[in-house]
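Both complexes shown next keep subunit A, but they swap its partner, so subunit B is in the first and subunit C is in the second.
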Partner chain A sequence: MTFIPLYFALPLAAAFIIPILGKIAKSVVWIFVTLVSFVLFILALYGVAVMQQIPMVVYKMGNWPPPLGIVMAFDSFSAFMVLVISILVFAGSLFSWRYMSHYTGQWKYYTLYMLITAGMMGVSITGDLFNMFVFLEIAAISSYALVAFGVDAEELEASFKYMVMGEIGGLTFLLAIALLYAKTSTLNLADISNTLQAMGQTPFFWTVLGMMLFAFSIKAAFVPFHSWLPDAHPAAPAPISSLLSGIFIKVLGMYTTARIVFNVFGLSRDTAPAFFNVLLGIGLLSIAFAGITALSQRDYKRLLGYSSVSQVGYIMLGFGIGNYYGVAGAIFYILAHALAKGLLFFTSGSVVNATGTRDLSKLAGLGERMSTTAWSFRIGGLSLIGLPPLVGFFAKYFIILGALKGGFLWLAIIAIGLSVVTLGYLLKIENNVFMKKGRTEASKAPFTMRIAMVFLVVLIVLLGIGFQQVFDFVVGPAAHALLRGIEYANLVFGSVAVGF
Partner chain B sequence: MNEIYYVIVVPIFFGLLGFLINRLRTELDLVAFLLTLFYAIRIFIDTRTQIISYNVASFIGIDFRFYADSLAGFIVLFNAIFAILIWLYSLRAMSKTPRERVYYLYVALTLSAANGVVLSGNLIFLLLFWNVLVFSLYGLLQVGKVYSAPAARKAITIIGVSDYVMMLGIVIFFVKTGSINFPLDTKVLFTDVWLIVSYLMILVGVLAKLGTVPMHTWIPEAAKVVPASTLAYLPGSLDKLLGFYLLMRLSYYIFDISKYVPLQLTLMIIGSITIIFMALMALWQKEAQRMLAFSTVSQAGYMLLGVGTGIPIAIAGALFHMLNNVIYKSALFLSTGAVEYRTKTTNLDSLGGLGVKMPVTLFAFVVAALAISGVPPLNGFYSKWMIYQGIIETSSTINIWFVFLICAMFGSILTLAYNLKLMHSIFLGERPKELNKVREARFEMVVPALLLALVCIVFGIFAQAVPLKYLILPSVVYDIGEIGFWSPTLATLLIIVGIVVGIVVYLFGTVMKPRRTRVYVGGEILDEESARITGPNFYSSIDSVDMLKKTYDFGEGGAFDFYNFLHGAASGVAILSRDVLDRLITSLYRVFGKIVTMFGKLTSLLHTGELYNYVGWIFLGGIIILLILVF
Partner chain C sequence: MKGMSLIVKTITNVMIGFIFIYGVYIILHGHLTPGGGFAGGVIIAGALVLRVLAYGSEAGAEKRSETRASIFESIGALLFVGIAIAGLMLAGVFFRNFLPKGVPLNLLSGGIIPFCNIAISFKVGAGLFSIFLSLAAVKYVMKD
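Moving on to the complex of A and B:
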């Protein structure tokens, strides 16, 4: 018995208990979900602590040895993702209580909420390709349902579009898995890695990798695969937008890409510069295109949606740079963006909850009435722009440092220059919603919502001040785990499981 | 060595405490500023004899460290002094205003960050504090007399953009030299075009802080809407101190521009343009604080000019001028602020004749105004004198040195002109009826201005014995040599003799007292109020009509016609400057914004919301990826 299966088993079990609890009492469901999220958070911290001592924990399902059975391979990068997921899931569950109170069928919402959590957790820790697909689809399908949760025409349309595009990605991934399986006769990531190394970089190798990159790009919403995201975000309830933007697209898109590219296909900037240049291209295109599009948006959440597309571009930039600081910067950026964007979507939820509209031109002067929301927005926004000493600054700093060490001076200049665009669209919200004269009718945000926002604000400030510790204990080891490359396979086959 | 921590942490800690415990705010702030002053003095004394430098943290090959030499000690001392003066003044001026609490928090935060900028020994570290300053400036500008968000926005736009440029400059510097600590073992020479670019880019940030052309436009804009204390604090004193500090660090400690003429010329040209244009703009204003704001910008030109010469005496002069400028400019801001506190207006048209009612304020104002105009033997004269001497000494390397000299001297004349206008309009001339009940401002408001005015006198008369000996010369690393043939003490004696003669002449009655007579206008009786001639009237007549004709008409008006002529030119240039320069800059911002928005609209059009369209994009992207990877 180890603690690893708990990460996905706990939310999965909760998802099936919730319908029963929902029949008994409504409020119990929320308390239960918050409790489970909190336990997950503690477990994630424990996971990070364990990773300080050993490089990897392998859990063999049913005690079957690796190439035959399904394994869970939990290393520092997984620990990092699990931690970020659990932070946002916990904050989101706090926020959901009052935000969801005017929806019917809340237990369905919480069931889906736990399912999407289980899916994301599973993707982050699995060591098996097909298993990864299954968890990915659990998360994706839950997210389709959650986007459509309001069942208005707009929401159903957004969800349908999202589903079609998401499934194009999902099925392409499945096809890639089938091709790989046909060629290598195995589904274990470590085993595939070994086989691929023996085969060499044939056209087949690149085709499969290209298909996977395509599939993950849709999930991660890079330009030009992003078009589902700006529709889905305004439609989804705010805590779900926060979860989708904050971590969902990163687990399903970024984590999978990074894991497959570095650890399974064993690529690095030295061996495959062309591939990494493609990553850089995707990243830059996303940053510029979506950032500029965000400037002309009039819908609070849609603007934030485009902003997410633009910001994941920075993460891809970091991976594309491919050296230690670049990758560490990208991982740091996953954390920083998750906190900041999660927080910004919370503020949007808080504004929508108070005023009933997301139209920037209709909102005005909320800065004084909703001061917690306004200040959360400001701090989250400043972190996103990269103002020291908030956590966002250090994330951007490492990416730029990586670019400079890798010899991409122009890339560093563009990356800093495009931050101006970020400032531009965030000021648009600040000016319209919080500072513009006039007053939209609004009440203060409810207590639990404010707690959720303050929780993230505190994290943004604290992790920024203590960035050295974050880097030493969480981000740095995660980057090492990725840059370990094909050593990954040896660890999976050689490691032993530790007791819980 | 802990003083360095304290001057950074103490203000914000006590400021924050005061913000939270509103009841004890004044006491806590007093503690904060006094403690900071105490530690600043200790740093100042320590840095006279040694250089303080130690690491805070070392991270990925970059040393985050503090560094204080004599220049830094000097700046820190005056940061603390000005903060405490402004705080003292604000006690009355800002009391009972709606956002008082936040105001004091920002004042404390600004002091902390300003000390941080000066004491950091690493460009990244410096940038961090520099950005906090942007934030606190934005916050302070938000606390306006009236709705000030647009002015704050303009300020943060201009400063923010220049900070980004500066950040890029630092990045380039880092890449080219591999180091961002200073001072380096050897000064960086301009061997590479990228290094020049890096210098210029960092210079943009410095100039924005100093407020020279073309990054000055936010200052007059803000002057309309924020209280005098904010103006005196940020654009008036701390911004000048910090901007000048970084200019010095950049030009003579990190790089060395004294061996590279083109950059010297750049600095001197920007300086000259700033002096002349902004002084002309100031002359044209009808609103006291706006005029002073332009004057602030204009004076920054002298500092640039002095630093640009690369001659030690002029650099010392520029430092002295910077110090003088913050002293008398703060005095001017504070005394007009005192007038505003009593009269509720700063519009020159509705002021006049307040000298009798507010004699102490008048005294402070006159001394400061004369000092800023460079009237000997006050301090402003002495520092300008040093700068002039430096410009003359550049004659061996710079062919057009006399142009700069003329600009500098002419600027001095213009400064006198607008200060006379200001003095005449507020304190002399006829007093409007409604101001008859005005009294001298409160004690706390008068004292800071008065103190500053006295400092002006002391620094002028005993220039060599006090400020130069103890403050300025130890703070620049150069040996400045002989200062020209100017003996302030002797000059003072002569001037006192002159004044005595003047009083004697006055008492013996050859000067006529003003004659009062009734004005007859076709039988109607005018009340005195509508016949009142306001100060700006003397200066305004040429705004609209033909300049030469008016000059002729006023030809018999004695000294005034000169001002009118000047004023016509001034208004011409001012209109030019407003319509062309200012608008050009504004429209540049706008055009840039338009282009980006247009592009944004275009990309929005691509998002039709139709599924087949989106799927098409997806497949296009997928095909491109496969093509690139497989072939």
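Moving on to the complex of A and C:
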């Protein structure tokens, strides 16, 4: 089907139309971006619908057959990622209008916004390792520029730190690709998978896997490599913080890890328990360390940044458990955390827009003056903690179910216990910013910002109530696509190509 | 900024056209000989950089050339995406060749590849030139 290249071609084309449009009429740029994001959202829903009938669509770029040319391998997991990306991109574009209105050079912001979208979309649907690297770098380089967009000293420093760390990760990934290419003579994910299975689990196999895990751990900010995130995400404009924390680290870190581990290297908990225990360890370390560090933060967005590091640990925990419910829970958690953290960063942007400060000790009494923001924060926070009717609860529920079925009772207990830490740091914001009596000058959030927040609130509530449908149609198939393992290669080579 | 001496300016005047034509040659023969859109684009950017080096430029003029360069850069990228989407529209697959392949080693052969080269040369030429301008502008500000 012809819709697959549109996922990245549309934002790419939009990114290069914007500089020309921005010279002619500045005011239409925002409308144009919102329109493109909305079309992407519709396309993503269509992609999910298509995935109900067939396991995979393979799109041959330029009609070159798989091992020779670049293919786009679009399966349920890709469809899921594309859907989550498009939700946050659409909400972010709504939020951006009034938030960005006091910045200069807005068209540059929107160009980068579309480029980062194109990069993330490309990573999610490509079936070629080098192509994945290129899209990953498109997204990463746009994000360095977006973090530095305010060009204050703090933002430039954060962006520099982020860039150095991010490029160490990116170049390690490139080195791993080079090693794989030298050994297997191919860059196609499916073809690499076939060759690796023929070679067996040699030391080379584990070295390359270790390098990739290291690279993706930096991109996803797991604990030993997390230090850039609490600087970089707060420094960016709020819609970008929301996009980076909500979905960017998951596409560049979690999606790539899961795809490579399950589908390319063909590992599962039965064949490589030690490796999956390492994943568990990384997840637990992130949850505990970053969660406890978040408790002592004095900055609204920095606290949320640490919270992201901690929450990403839950996703790794789910993948590390490795059975069906664990993996499905991890994928569900990607959705739940994207919505909740996207929303929380929107509320931070709304507060900063109204008061001009992010310091928790200077903010007080905003609960009455900014009621939409306050209630959005409460619902997003409750979803993050995991309160029953909201989507966050079901995500956590499936991870814990996976832990119990996999025989990790202690893991389930720790995961539930560490939710208390989440409650602790979110209460700190609630208490300081919204509940405490005080006289911080603030006006209501502008209309489009409130629309963006309410959009995410509605999604959190609706997807929570309709979790069974979400699980059956979106998350479950995505987990099956991952646990299909090396069947992935057969699908890529066997699928009907164009016009499925 | 007045630029360099009369000798440099005169020689630049003579050379700049040749450099430009050499760049165009490299781009148009990209599918036949070594080189292509990237290499040719770099050469064209070199010609533009040479002009700024020899003649110097005012702060305002620099701003204007930067605007023009960024427009050309966008046009290059749009052309490239446009070729890919034209493949989707006309031949049914993203990036598929939709032009006749022609006789090998003729100038008009290779389907869409020469056009891709032209698009890349726009992007690279204008992109490198605007990078040069930004770096030069930074230096100018820091001197003050």
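One rule holds in what follows: the second predicted complex is superposed on the first by the 497 of 500 C-alpha atoms of A that agree within 3 Å, B and C clash if a C-alpha of one lies under 4 Å from a C-alpha of the other, contacts with A are read in each partner's own complex, and residues count from 1 in each chain.
FYI, a residue touches a chain if its C-beta (ideal position, glycine included) is under 8 Å from a C-beta of that chain, and two chains touch if they have at least 3 such contacts.
Remember, predicted model here, so these are calculated numbers, not experimental data.
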**OP:** Scan A:F38 for contacts with subunit B and subunit C and give back first, second, both or neither.
**Re:** neither
Original post:
Does the superposition put A:Y181 against subunit B (first), subunit C (second), both, or neither?
Top reply: neither
Subject >> Touch count on subunit A, higher of subunit B and subunit C >> reply: B
Subject >> Partner chain(s) touched by A:S419 [first = subunit B, second = subunit C, both, neither] >> reply: first
**OP:** Using the superposition on chain A described above, determine whether A:P5 touches subunit B (first), subunit C (second), both, or neither.
**Re:** second
**OP:** Using the superposition on chain A described above, determine whether A:F275 touches subunit B (first), subunit C (second), both, or neither.
**Re:** first
**OP:** Once the structures are superposed on A, label A:K23 by its partner contacts, choosing first (subunit B), second (subunit C), both or neither.
**Re:** second
**OP:** Examine A:L295 and indicate which partner it touches, taking first as subunit B and second as subunit C; both and neither are also allowed.
**Re:** first
**OP:** Would you tell me which residues of subunit C are touching subunit A in their complex?
**Re:** 67, 70-71, 73-75, 77-78, 81-82, 84-85, 87-88, 91-97
Original post:
Inside the complex, what are the residues of subunit A that reach subunit B?
Top reply: 160-161, 164-165, 168, 172, 203, 206-207, 209-211, 213-214, 217-218, 224-225, 227-228, 230-231, 274-275, 278, 289, 292-297, 325, 387-389, 400-401, 404, 409, 412-413, 416-417, 419-421, 423-424, 431, 435, 437, 468
Subject >> subunit A partner contacts - residues on subunit B that touch it in the complex >> reply: 57, 59-60, 127-128, 131, 135, 147, 149, 153, 160-161, 164, 167-168, 171-172, 174-175, 596-597, 599-601, 603-604, 607, 609, 611, 613-615, 617-618, 620-622, 625-626, 628-630
Original post:
Once bound in the complex, which stretches of subunit A touch subunit C?
Top reply: 2, 4-5, 9, 12-13, 15-17, 19-20, 23, 59-63, 498-499
